[in-house]
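What follows is a set of structures to go through.
Note that chain A is present in both complexes that follow, paired respectively with chain B and with chain C.
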Partner chain A sequence: MRRIEIRSKLVENTAILYPGPYLNQLRGEAIENRCLELLSEGVRSVVINFEDTELINSIGVSILIGVIESIHESSGKLLLTNLSESNRELFDVLGLLSQVEIIESEEQALASFRGLTGAALC
Partner chain B sequence: MEISPVQILGRLSNEEFFDRNAELERLCGVRPGGIQGRTALLLGAPRIGKTELLRKSFDRVFADRTIGVPVFYSFNTSRLEPAALAEDYLAHFLSQFVAFRNGDSRIASAPPEPIGVIMTAAAPQDYVWIKRLIEAFSRARASGEPETMTRLAISAPALAGTHSNISCFVVLDNAHLLLDERARLARVEFAKAIVSYTGSPDGAPVRPSYVLSGLRRPLLRLLPPEDDLFDSLDLIRIGPISEEALEQLISRRAAALSIAISDSTTELMIQQLRGDLLYTRAILAAAAARGRSLKTFMEFERVYTEEVLDGRIGGYLDALMREIAPEPHARKSALNLLGGIIEGSAPVLVESLIDRVSVADAEGLLERLSDREFLNLTAGSVTTPADPVLADYLRARYRSEVAGHPRPIAGEELLGDKLKDSYRLMMSRYNRAVESQLVELLTRFDFQSAPAALFQSVKFAESYQGVSRVNARRMLEEEQERIRLPQIVYVSDLGSGEQTGLAWRLFSGRGFDGGIYSESNETQWLIALINSKEPLDLETLKSIENRMGAATGKGGFSTRYALPESRQSLDKGKIVRWLISKEGFTRTAADRIAETNAHSSTYAQLDLLCDFIHKLDDGASAVKPSSQFELVIPIEDDSELIAARTAEQIARAADFDQQAISQIKTALIEACLNAAEHGDSPDRRIYQRFRVTEDRLVITVLNKGNRFAPDGDGVRSTAPGKRGRGLQIIRALMDDCVFERTDDGTSLVMTKFLKRPDNQQ
Partner chain C sequence: MEPATRKLLHSLTALADLGAEISSTHEFDEVMSASLHTMLGTLAMSRGAIARFSSRPLQLKVIAAKGNRILKGEKIVLGREEAEYLASCSRPVGLAEGNGLAGFTSRNGDLMKRLRAGSLAPAVARGELMGVILLSEKFNRESLTEQDLAIIAAIARHIGIAMYNHRLMVSLKRKAEENRRLYRGMRQMYQDTIRAFAAAIDLKDAYTSGHSDRVSRYSEAIAKEMGLTGTELEYIAVAGHLHDIGKIVVDRTIINNPRPLTEPEFLELNKHVTTGYEILSSIGHPWNEIAYMTKCHHERVDGRGYPQGLVGDQIPLGAKIVTLADSFDAMMTDRPYRSRLPLQQALGELQRNTGKQFAREVVLAFCRLLKKEISGEIRSRVLTMTVGRKFEREAVDSMLTSMLAAGDAGNQAMSC
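For the complex of A and B:
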């Protein structure tokens, strides 16, 4: 079985994941595994940045739905960023837009999480 | 000409030797005038198949019996001393001559007997002259006269022609070894033989012909500067065999060796090994010897890595290194030098290298490395070898033997590198297709006039936005503003680069502006072909411009492509810059291009320019190209991406906008996944047909086997929960979607209209 490593980084306790050029089953599962690892380590803020993602298939979307559910069940929050017009349309067709928040850029997503943390401290 | 059915010296079976018929025909001299007295050089890259072609030409001439007497001799470093070389050459010549005259190919294919024994097998009509020749040769040997031995041996084909009235067809392989000082006597005698017979008048005694091959770079240094020789010299250059032929060769050999291999891996092998026959055979032999499958990229890259580091390929390249630099310290110096260039990936000046090499004969070492094509010496600079396998070998040896990197406890660094490259390599095929289209287009400019709008991306966007390709062609015909294109004489590749979401390659087209081929009309087109998912922004444009500037010789880049500096200062307009970006340019980037008087185009404009130039070339008799395309892909990981890329090209050519193209690609990916998952296809393939008409693109996806049509409202799935959305996506993104039963499977027909009819909106 092929294994795919996906790029990720941790900024201010927010995990940012990059699915790569084609979100298919292999890359979807890599995202899912990484998310589960992060949740088990206590991370609750996750950003998936689709900047380099040209294509997404239905299996990738199905796995992404599983990721959304896992994060919600752990009382975490997921933001999707840098979606191309066609990928946004695909998510719209499959009803994902009502399940997850879409933000324009990774920086805005991080700012949004910082705001949330600030509000929690107040 | 048919390939000889008899296999005497050829090593490949006739089933494995193909795609070289034209070269074989030319080599064997089937043309007016024939081969008599001819000298030919067979030139090609190392391991491209020259030796096999020479051997096949021997077999062909032997079987034909009317062309001449074939003689094949391969020089060897272990037999270059004058007496040994003379005796070996004479023994080969006589045994092959006797074999031909007796019609007995077994004599030719066996190692030659001692010359005294060969004499006894000579045909009666040849016996006397052969006996005298051998007696004279034996006397010279007994009295220690290597000059006489060499002269007698090398003039033997001419002597045979005189006595038998049949021309000899002498094929000399590894002829570059004649440059070795030990072979000086033979070099002089061969030069005499070739020159004296090349220039002799018709009616002279029957003359031998010579075909020389070997390492192409030193081979050209071998020929004496004789006008007559170069007047009649036949240069036969051979390139790599076609990808189709390579596919056949790999699949046949894999089948013969019982190796499981996939279409994708075959394709990767061709791309990664650049069609090198020795490497290809080595990988297949290694897989067979180790009982390995080559069905996945990982399996192939694992065998490849083992072969390059410790297998046949590594052993072969080690042997070459020992030949180039016999002394260990010289070898280490060579590795240091080559590894440094490869790791640095930039040209290095020859002078600075010579200073760095700690061996007495540094220049000689560089020359030997260049002769073997381990490096390229051009315009005072040294660049890396074009052979990527050689580069992998050198990088690995450099890291372990010079830089002292410890070898991993498990696995190999090279394996990781190649796995990362493999996906990119396959994807780069698309880029190469566009590059080929551009290069072909440049060579067809030929002083024609083309609409200026095709070179102005902003103006084109303003006037042609939303216009169908058919209408765009009509509008372009009526454009008044035209630019006169130059005649491009040659095109050079100036290198490439990539960053996230972007890949580019630079080209230089050198030619002339006017019909008079004078210095004042000389021009250089510098072209950047940019495959970017987004319009090119200003920052990236500037970085590409810097590379283009460097390519004119103003930076550290090679100056070989630059116009003379005097010409640049006299008339800067002679250098024309043309930026072609797949998705165009941002506003600020476009403004900058306009300020610098450069041309700018999108891929769509490039396509229209191709149409325009081809139409001019073809005239009124042009035949409308077929509007139907077919594609077959294997059911394998990510193969649906190949289908998506194909659909993208076709849809773009048919003038669909970017949003529609994205929708088509996504829908097609889903159709392929459905066909792969639900069809119980016996041949593990998915068949696709793309039909383009004026107003729509119809894509039919077929598989052979059970139905992959939906049951009820959903799609049958073997993985509940992860599938079932495919059909939903297809129906949402395409205008029409119909399943049809066929005799041996199911087809899904999807339609996308160029503009959705009003009544459907």
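For the complex of A and C:
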């Protein structure tokens, strides 16, 4: 079986994942596996940055929904960033915009998580 | 882009992807899993399963699943009437509705809960229920639109056809495997029969136990060395086994006579070639070829053999090969009137009789193969199986070298 590594990094306990140009079965499964791994390591804040992602196919959507569910079930929080116009439209017609939060940029997402932690510390 | 257009495009792309996936060479399980994901991703659903229908025993078995705690291999109970109802449905069926599936939902309540199953799409091909696709509600909890139902039905049809084709392929493979097994069994029986015959022939002669079997193996190896393959090779091996079958009707006292034979005895013994031919040629095609090889195994290329006194290429190649194999084995085993010859001496006999009793091309192939076995160039030991390790290795090797060189010179002279 082909194995695909997807780019990811950890900033202040927030995991940031980059699905790459085409979110299909292979890349979707790689993201799902990485997410489950991070959740098991105790990470609860996840950002998926779609800056390079031109296309998301049905299988990609299905796996992404699984990821959203897994993060919710572990009481984590997921933010999607840098969605192109057409990908945002796709999420809209699929009714996903009400299920997951979309933020303009990675920095804003990190700031939002920072705010959450700050609030929790008070 | 208009939302409706965007959605349609997404669904069409999904159908195209699905077509490519289904006609791909991926494993069936992978195809089913990708098909399920396609269905769920097209409609933005979080959970689902594809289950294959079997009528005996009457059940559904999960072959692809997405969502927590839903396992491949899980069985779902289905009634006969429910199966009939599903086979007649061309559209997905809501599980909460008062349709033919009320009992189904309550009977499989636990799984339906884990799947959060909202609807079920039958996968039907050629009017036959192949399986079902169980679907959760949409991720945003909205109810299914008419367009959603049409898309589900279209994808379910694809999945049904894929399952139908898969079943067809599995049953074809099984039949082909069964045929192969039957054929192997028949061949085994055929070979055992020939071996049994050969053993019966050899039993008649107290001194030649295993002779026919060895002649067959020598003949086959020499024929292979000469480049023969397939049925030609096989017939020669069979002829090797059965070359002396005519001896069955020769008086045992003549065969086992340790003294030189009298003229009438000799004539009686020689009849075994024509008798063998009569026995084998009655079997019919492709045995007439084998029968004729056995008839000619005492012919000589110089025309002084029997029964017909054929010359050179009038003798079939298979017979020329069996003749050499027969004589070689006779020299390499003890006989009532002498003990076995040393390998070197046997080679000397072959050399002296090349072009007389033996065909040059067969002697050359024999020498090439023997050289390879002795030098260890090939692992198998066919010609050397009775030789053991005690022989003048160097003397034999140089003898083979000179026989092969003489053969090359002879070939060149002929081509001039």
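Just so it is clear, the second predicted complex is superposed on the first by the 122 of 122 C-alpha atoms of A that agree within 3 Å, B and C clash if a C-alpha of one lies under 4 Å from a C-alpha of the other, contacts with A are read in each partner's own complex, and residues count from 1 in each chain.
Everything below uses one rule, namely that contacts are C-beta pairs under 8 Å (C-beta built on N, C-alpha and C of every residue); 3 or more make two chains touch, one makes a residue touch a chain.
Please read all numbers here as calculations on a predicted model, not as lab measurements.
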With everything superposed onto chain A, say whether chain B and chain C fit together or clash. clash
Examine A:Ala111 and indicate which partner it touches, taking first as chain B and second as chain C; both and neither are also allowed. neither
Partner chain in contact with A:Gln25 - chain B first, chain C second, else both or neither: both
Report for A:Ser98: first if it touches chain B alone, second if chain C alone, otherwise both or neither. second
Who does A:Asn57 touch here: chain B (first), chain C (second), both, or neither? both
Of the two partner chains, chain B (first) and chain C (second), which one does A:Leu10 touch, if any: first, second, both, or neither? neither
Could you tell me which of 615-623, 669-677, 687-695 or 741-749 in chain B overlaps chain C after superposing the two complexes on chain A? 669-677
Hey, what residues of chain A end up touching chain B and chain C alike? 25, 57-59, 61-63, 86, 89-90, 93-94
Which stretch or stretches of chain B touch chain A in the complex? 296, 298, 500-501, 533, 637-638, 640-641, 644, 659, 662-663, 665-666, 669-670, 673, 719, 721-726, 728-729, 732-733
Please name which positions on chain A make contact with chain B in the complex. 2, 22, 24-26, 51-52, 54-59, 61-63, 84-86, 89-90, 93-94
Under the touch definition given earlier, write down the residues of chain A that touch chain C in their complex. 25, 57-63, 65-66, 68-69, 73, 86, 89-90, 92-96, 98-99
Mind listing the chain C positions that touch chain A in their complex? 1, 3-4, 6-7, 10, 13-14, 17, 34, 36-46, 66-68, 138-140, 142
